[in-house]
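The same chain A turns up in both complexes below, where it pairs with chain B and then with chain C.
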Partner chain A sequence: MGTEPLLEIRNLATVFRTDGGVVRAVDGVSLTLAPGETLGLVGESGSGKSVTNLSILRLIPDPPGRIERGEVLLRGVDLLKLSDNEMRKVRGRRVAMVFQDPMSSLNPFLRVSRQMTEVLEIHEGVSGGEARRRALEMLTKVGIPDPTRRFDDHPHQFSGGMRQRVMIAMALLCRPELLLADEPTTALDVTVQAQILDLIRGLTRDLGTSVILVTHDLGVVAGMAQRVAVMYAGRIVELASVDRLFDDARHPYTIGLLRSLPGRRPAGAAAGGRLASIPGRPPDLARLAEGCPFEPRCPWAHDRCRKERPPLRDVAMGQQSACWLDDPARATPTRPHLWEAGT
Partner chain B sequence: MNVTAATARIESGASLWSDAWRRLRKNRMAVVSGFVLLVIAFLTVSAPILPGVSDPNRQDLELGAVPPGSGHVMGTDILGRDLLARVLHGGRISLLVGLVATMVSFLIGVTWGAVAGYFGGRLDNAMMRFVDVLYSLPYMFLVILLLVFFSRSVLMLFVALGAVQWLTMARIVRGQVLSLKNQEFVEAARAIGVSHAGIIYRHLIPNALGPIIVYATLTVPAVMLQEAFLSFLGLGVQPPDASWGVLVNEGATVMGLFPWLVIFPGVALALTLFCLNFLGDGLRDALDPHLRKD
Partner chain C sequence: MSTRPKVTAEPILSLRDLAMHFPAGGGGLFGGPRRLIRALDGVDLDIARGETLGLVGESGSGKSTLGRCLVRLYQPTRGKILFEGEDLAAMNGEKLRKRRQRLQMIFQDPYASLNPRMTVEDIVAEPIRVHRLARGADIRERVKELMEMVGLDPRFIRRYPHEFSGGQRQRVGIARALATQPTFIVADEPISALDVSIQAQILNLLADLKERLHLTTLFISHDLSAIRHVSDRVAVLYLGRLAEIGPAALIDSDPRHPYTVALLSAAPRPDPRAAHRPILLAGDPPSPLTPPSGCRFHPRCPLAVERCRVEEPLLRELEGDDKRLVACHLAEEVSHLMGMVGRVEVSGQHLSRLTLPSNASDVH
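Moving on to the complex of A and B:
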């Protein structure tokens, strides 16, 4: 990468206290993000990808949640050590967020214009006509048809896709350095999803904004991100460039995810038929065993997987994986080919 | 819906209030009620300078109680005092007590409930237990205590009534805030850096305004009735001053002989309460963008 990272997360751990015990939602996540880079954060529900995002902005509801340890360095400054007031100046101005459900993330009571100018009032002290002018300009940029007429409408007068455009406009109003997008298209129609993704890609490229895109859709990642972090049970299990990940995924969980994608079949595999799936269920994060959390579902699990947790290490140029199959101490690589087992 | 909304749109960054005002004007009952209330308010406020009713305490013992007719539109009471003058002057006190006490309860209750609900946890617990304790005390006892300990002025009456009326308001607002604060738009507001105060006042309270307003409009009549009760005990308005409650009470004792003495103050009180309820209904509809009927 060479350049100084925009964001560096070191050993972040976020826990939730529940009746069922302490849930380690994020458990020792480390990653870096270069300026202008888009990182995909992939994993199934409950893998800790959203909690990672919320932890960066310190939006974890406390109680029951708590950021237990770690550092979140934004250009070298640890966000976790900032005072509440200093943190408030980071939110919305330097780090912005787009949420999953645009139907509920706008205040139903305030006009769209008011919600947008609020951001400018808080962070740049602009209000009145100047704020309205800038908000309207942004609303035009995100492709709201007839923005002047829609500007003073209430959120319920907008469709889901349009609301997500408004959310994106609000997020980018202050030209943040980092945009956290938490499954921004999951709640939208398929036809609208591509438009919204195009919009995020185009606008963040123009503004030079880095993006952490949380999604469970590897297809979205392929089109948007330069690098991907795959999360499982609160940890990153594989971190690689998009090309490496799709060409030569190393972690069995990533392999399982890729196998479950429609339309990505090896030449030998029968066309049609059922989509592959990963057997079993994600582990209970309140009761994690000692070994690799993916072990119970892994077709290649062996003794060591049950006893020790594999660390995340370099397995190739720009690719890290947390799996004992990639242990450099092993004499012969026994890692099965991507499509070998169980086709 | 969109056509009317578009044609009625106000170009320059209309606020929530101008928007609500526009919707309120479409509600005929609310408009009429508001107008009647304005007339009542105007008459009572300007009573001291209106001809013929400027002095509610001028007695004419020889005249005694006469039924409504020329000279005395609403008749006179046993002491020969003009009832119209007494109703208008009584309305000043009744309306003032209703409004000021409601305002006091509104300010304390909304802030208390919103803060407790928003911050939650131990603070919420402590604040709401305090409310529970006050709830468990007979509130009239509190009011009487306050009135006896401090001066027995009308001002103290406002404060004392308001100070015991905010409990239910606090509970209502807390409940609303609890259900609102976990919604995504509140998290989104936090994510753009809105302060706690900003979230409470711009994002939470406006969304809870419907129930707040309805309860506030119910508080006004409740307070007016309590004032009448206190006056009856001799703790409220002192004779010869009178509020509507006092007039109704006095009239009720001689109802069989001089029915007009209870009818006119009673009608004034009832009319005001009716109008307040209709206006409250209209306000609730106007303030909630979801409930628009257009």
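Moving on to the complex of A and C:
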């Protein structure tokens, strides 16, 4: 990569103490993000994708959680070493976050105008008419119709899609360098989701904001991201450009996910054809065995996979995979019927 | 499969002018006008024996209400539900209870729909007991058989729902639905609460069961790719009315209602090379409390003309196309017109509108 990365995560580990033992939610994640780049972080519930995002902003509830080790370098400065006071200046100003539920970042009791101008006052010392002008400008940018009239409304007076827009306006108010978006459109209707994704794409491009987009939806990733990191059991198992990932996935888990998607049914195929289905479920993160955590669900598993956990390594130009095989899809499976087995 | 006619000689289920209105406050202590949520507002539909009909729509479309009316969890406000020739809407008491064995429902959230204090055995046996389909030791045998049928290990018969994963819980819900040997299944968002790798397992299971038990299925979902995958025909619901219905492949490749076009273009496709220029509709789906005049879709429709504001389009056949029905005044020209839709910015929002100067007067 020619340019200096905006964000570099090195060997991040975040654990939670639970009754069932220590859950290694994020277990050695490393990745970099270039300025202006959108990275899709995909995985299933419990894969560690949301915890990775929360760890970047040090929003892990402690206890029960704790960032155990690693570095989160924002333009070379380790966020994990900042004082709480310094960290507050990073949050909302240089790194902003949007969630699935807009009410988790909006205060239900305060008018939108007050919440927005407050952000500008705290982070940039801008107040009064100038703050109002900038807040209104951002509301216009996110497509709130008649923003002057709606400015003094409370969040609940907006519809679901409009509330999502207000949250995005708040997040981008200080022109952050990095936007962490956690399933921002999962709760929305399809046509509203298209509007919001279009908005995030357009605004972050205009502002030059980098994005880490956490989602379970590979369709959303395909339309939004330049690169994709696939997480499984607390680690990145594949990292590639979006084209390579969809054309030539190299980790068995990614391959299985793509083959299980109903959207890729070839035109003209009969209804109800069988999809590849990955039997079983992700491992209990409090009881990780030795070896590759995907091994029990993998058609290409062999002896070594049961003993040693494969590291993330280069398998092709611009593509890394945490599998002992360079190209499993072209290798002979050891359990050829695993993904088509029964129901 | 795509050649199946829209009305077969023998539909197993037909809806005639089905409507379901819910009271929405007002008229009480503090007066105010009594208001109605018109969740379903006159739906006609035939489902052929053995087919899977996909019902797609967004929030407020009435798709779940329609499913719940079919299995008579709701008493519809008006209209008929003809199931194997008899009107379920006009039925009650013992007779309805008996018919209901034949229609069963699979719910979205298997956790919310299963009693957490009951074992799998109790959950699956309940309908068997209620309908007196087996007694004594036969009940347990039947439960085990059903568990095997849905891919659950019968040794787990004494376990509680929380001891299962989401996918397994959904299997318990399916076993329970199958306990009364139904011929018709309403599956309401059966995979939306599940993780991606688990969704395929459940879709495969439903396909197997359909084949084995000759089930007819109404598959309700907001997820177009799942709908496309499982359905023989697809029905698109918008604000309580059908916008379009026809063979899945035809609806997918040549939609004729502007809403269907928009919905298809908005659905994220797992293909980075697909054109990501969705048709951007104005605002959210409107409320079924106050459905717009004329065509319900007109305030969000990029093609709307004066007639659409005034006159509600009826579901109709198009010339030379007897497999599909569509409710749009402009259906004949939709493909042509949608090709001329471009993006305009209206107070910060990007919207798709007809970009022809000659149509400019219609647009606002």
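Just so it is clear, the second predicted complex is superposed on the first by the 312 of 343 C-alpha atoms of A that agree within 3 Å, B and C clash if a C-alpha of one lies under 4 Å from a C-alpha of the other, contacts with A are read in each partner's own complex, and residues count from 1 in each chain.
Everything below uses one rule, namely that a contact is a pair of C-beta atoms (placed from the backbone, for glycine too) under 8 Å apart; a residue touches a chain by one contact, two chains touch by 3 or more.
The structure presented is a predicted model; accordingly, all values stated were derived computationally and were not measured.
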| item | value |
| --- | --- |
| Room on chain A for both chain B and chain C (clash or fit) | fit |
| First, second, both or neither for A:P145, with chain B first and chain C second | second |
| Chain B versus chain C as contact partner of A:R111, first or second or both or neither | first |
| Partner chain(s) touched by A:L59 [first = chain B, second = chain C, both, neither] | first |
| Of chain C and chain B, partner touching more chain A residues | C |
| Touching partner for A:R309 - first (chain B), second (chain C), both, neither | neither |
| Chain B versus chain C as contact partner of A:I278, first or second or both or neither | second |
| Smallest distance from any CA atom of chain C to any CA atom of chain B, in Å, after fitting | 9 |
| Set intersection of chain A contacts, chain C complex versus chain B complex | none |
| Residue ranges of chain C in contact with chain A within the complex | 1, 52, 58-59, 150-151, 165, 167, 195-201, 203-205, 207-208, 210, 222, 224-226, 228-232, 248-249, 253, 262-263, 265-274, 276, 278-281, 283-285, 300, 346-350 |
| Residues of chain A touching chain C in the complex | 44-45, 139-147, 159-162, 189-195, 197-199, 202, 216-223, 242-243, 246, 256-258, 260-265, 267-268, 270-279, 281, 342-343 |
| Chain A-touching residues of chain B, taken from the complex the two chains share | 2, 5-6, 9-11, 13-16, 19, 121, 183-185, 187-195, 198, 202-203, 206-207, 289-290 |
| Complex contacts: residues of chain A adjacent to chain B | 57, 59, 63, 88-93, 96-97, 99-101, 104-111, 113-114, 117-119, 122-123, 132, 149, 152-154, 156-157, 167, 170-171 |
